[in-house]
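Note that subunit A is present in both complexes that follow, paired respectively with subunit B and with subunit C.
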Partner chain A sequence: MTARGEARLWLAQRAAGILLALAVAVHLATILYAVHRGLSAAAILARTRGNAAWLAFYLVFAAAAALHGGIGLRTVIREATAWRDRSLDLATAAFIVLATLAGWRAAAALFA
Partner chain B sequence: MRDQLLRVSVWRGADEGRLVAYEVPARPSQTVLDVVTYIQRRLDPSLAYRFACRVGMCGSCAMTVNGIARWTCRTHVERVAKNSAIEIRPLANLQVIRDLVTDMTPFFEKWRRAEGRFVPATTPARDFAKVPPASRERRAADAGIECIGCGVCYASCDVVAWDPDYLGPAALNRAWTLVNDVRDGGNSDRLRAVAGDAGCHACHSHQSCALRCPKALDPTASIAGLKRVAARATLRGEL
Partner chain C sequence: MNRIDWRARNHPAWWAALVHRVSGILLALFLPAHFWALARAIEGEARLESFLRWTENPLVRLAETVLVILLAAHLAGGLRILALEFLAWRDRQKTAIALSAGASLALGLCYLLNVF
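Presenting the complex of A and B:
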């Protein structure tokens, strides 16, 4: 990959990391709140169904996690193994897309 | 009174080889380089090692002493010997030519690959460049300029061990001093050379280089500087 491509990946991973720091904090606070209040699954769904704000939050959260994790995984593989060519970049892209879609499916299930 | 003896084991051979034991009389203020020189002059003239200045300027005498890369001419035996024993090996992360001599070619080749040479700006200079000593660029360049090219940082860096293409702390530190040289005109090529997985973006910032550098330089900070400049150039579409 070109230096420009690498630098972009690096920036994207940092940006996704910043988003994640915020999103994880909100996510944890939500879990603590739900446990504290003893909310049932039905009670939680009642709050998230049809709520566009929660949907948007989890769509962004899932995409950021997939991006951050995917780029990081690529780095780890490049460092620890001899797999460094274009096929790794394609596998990384596939991983990010699949992980994002999986996350979005879960977010959609909370919404609808 | 009988001399107190140091038990010294020294790597003999090339990448394949073995440790050979010698006994060397302990002396006050003795350096590790003194010990190696004693062995070569008195015990075994076939021992190969490098040194030149003996005063911490030339950067040629670095070896692995009790597992840690050090400049041997400025390392006192008292500080590093454990129960009067020292183990001396060649620098890590480089091929061994013979005994304590490594092939430094890849190390310096990476300085070249990192565009580590000064490139005059294309406009012909009409006057001496004025670089205010207190300016941000001058201070950043100053912080990294005293490198003696000893390779201690390079031998101490895990990322170099993992990825033989990684430019390493010294070459990147050199590039950073030039990025901050206001007279230099080679920065767009240089940024392309130092960005990416073989360059500044591979650094884990774990600071072994800064911890071990005998000149107390901080290549980690220089590399972080390169990452900042590369990020800015990427956002501006200049990389």
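Presenting the complex of A and C:
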């Protein structure tokens, strides 16, 4: 990848990181709230189903996490192994797309 | 690793970087598993419920607590990196690292106390 491309990945990683800093703080608070209330499928789904605001939050959160995680794994692989050609970039893109779709599927299952 | 190499690494900022990297790798690998588990809700409430009952195993609860600590540590460490890269340099880097570690462990303890 060109130096410009690498710089763009670095910026995308940081932009997603800033968004995730807010989202993860909300997520951690939600986790503590949910486990405090007790985890039962009926109680969780009663709170989540049909909640459009939380659906929107988790659609953005899942995509940002997939992007941040994918670029981060690529960085670690490039630094720790000899794998750094175009196939790594394609594998990174595949991870980001598949993880985003899986996250959206999970968000739809809970909140739609 | 010889003694001098080790001495260069045995430093709070090096440990903070290591924790950030290891927690990042583990969280990225956990992400697909997390999404897969939550998507069980598509198959109905009963399927999600049976998965949630499985997570009541103390070993799973312990693993979840470790994940919460990793997530909190990655958040705190990430804020530290963003501050390093985008804000003016400040002294007291070790204080920032200590606060990050303390906040992450406190959050893990909160989770542990709530979940059992």
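Here is the rule we use: the second predicted complex is superposed on the first by the 110 of 112 C-alpha atoms of A that agree within 3 Å, B and C clash if a C-alpha of one lies under 4 Å from a C-alpha of the other, contacts with A are read in each partner's own complex, and residues count from 1 in each chain.
Operating definition for what follows: a contact is a pair of C-beta atoms (placed from the backbone, for glycine too) under 8 Å apart; a residue touches a chain by one contact, two chains touch by 3 or more.
Values in this document were obtained by computation on a predicted structure and should not be read as measured data.
By the document's definition of touching, neither partner reaches A:A16: not subunit B, not subunit C. Touching more residues of subunit A than its counterpart among subunit B and subunit C is C. When the shared chain is aligned, subunit B comes close enough to touch A:R8, but subunit C does not. In the superposition on chain A, contact of A:H36 is made with subunit C only, not with subunit B. When the two structures are aligned on the shared chain, A:R78 is found in touch with subunit B, with no touch to subunit C. In the overlay built on the shared chain, the residue A:L45 is in contact with subunit C alone; subunit B does not reach it. By the touch criterion defined above, A:A106 lies against subunit C but remains apart from subunit B after alignment on the C-alpha atoms of chain A. Shared interface residues of subunit A, touching subunit B in one complex and subunit C in the other, are 14. Interface residues of subunit B, counted against subunit A in their complex, comprise 159, 162-163, 191-197, 199, 201-202, 227, 230-231, 233-235, 239. Of all the residues in subunit A, the ones that touch subunit C in their complex are 14, 17-18, 20-21, 24-25, 27-28, 31-32, 35-36, 39-42, 44-45, 62, 65-66, 69-70, 72-73, 76, 98-99, 102-103, 105-110.
Per the touch definition, subunit A reaches subunit B in the complex via residues 1-8, 10-11, 14, 75, 78-80.
In the complex of the two chains, the subunit C residues touching subunit A come out as 21, 24-25, 27-28, 31-32, 34-36, 38-42, 45-46, 48-49, 52, 55, 68, 71-72, 74-75, 78-79, 81-82, 85-86, 107, 110-111, 114-115.
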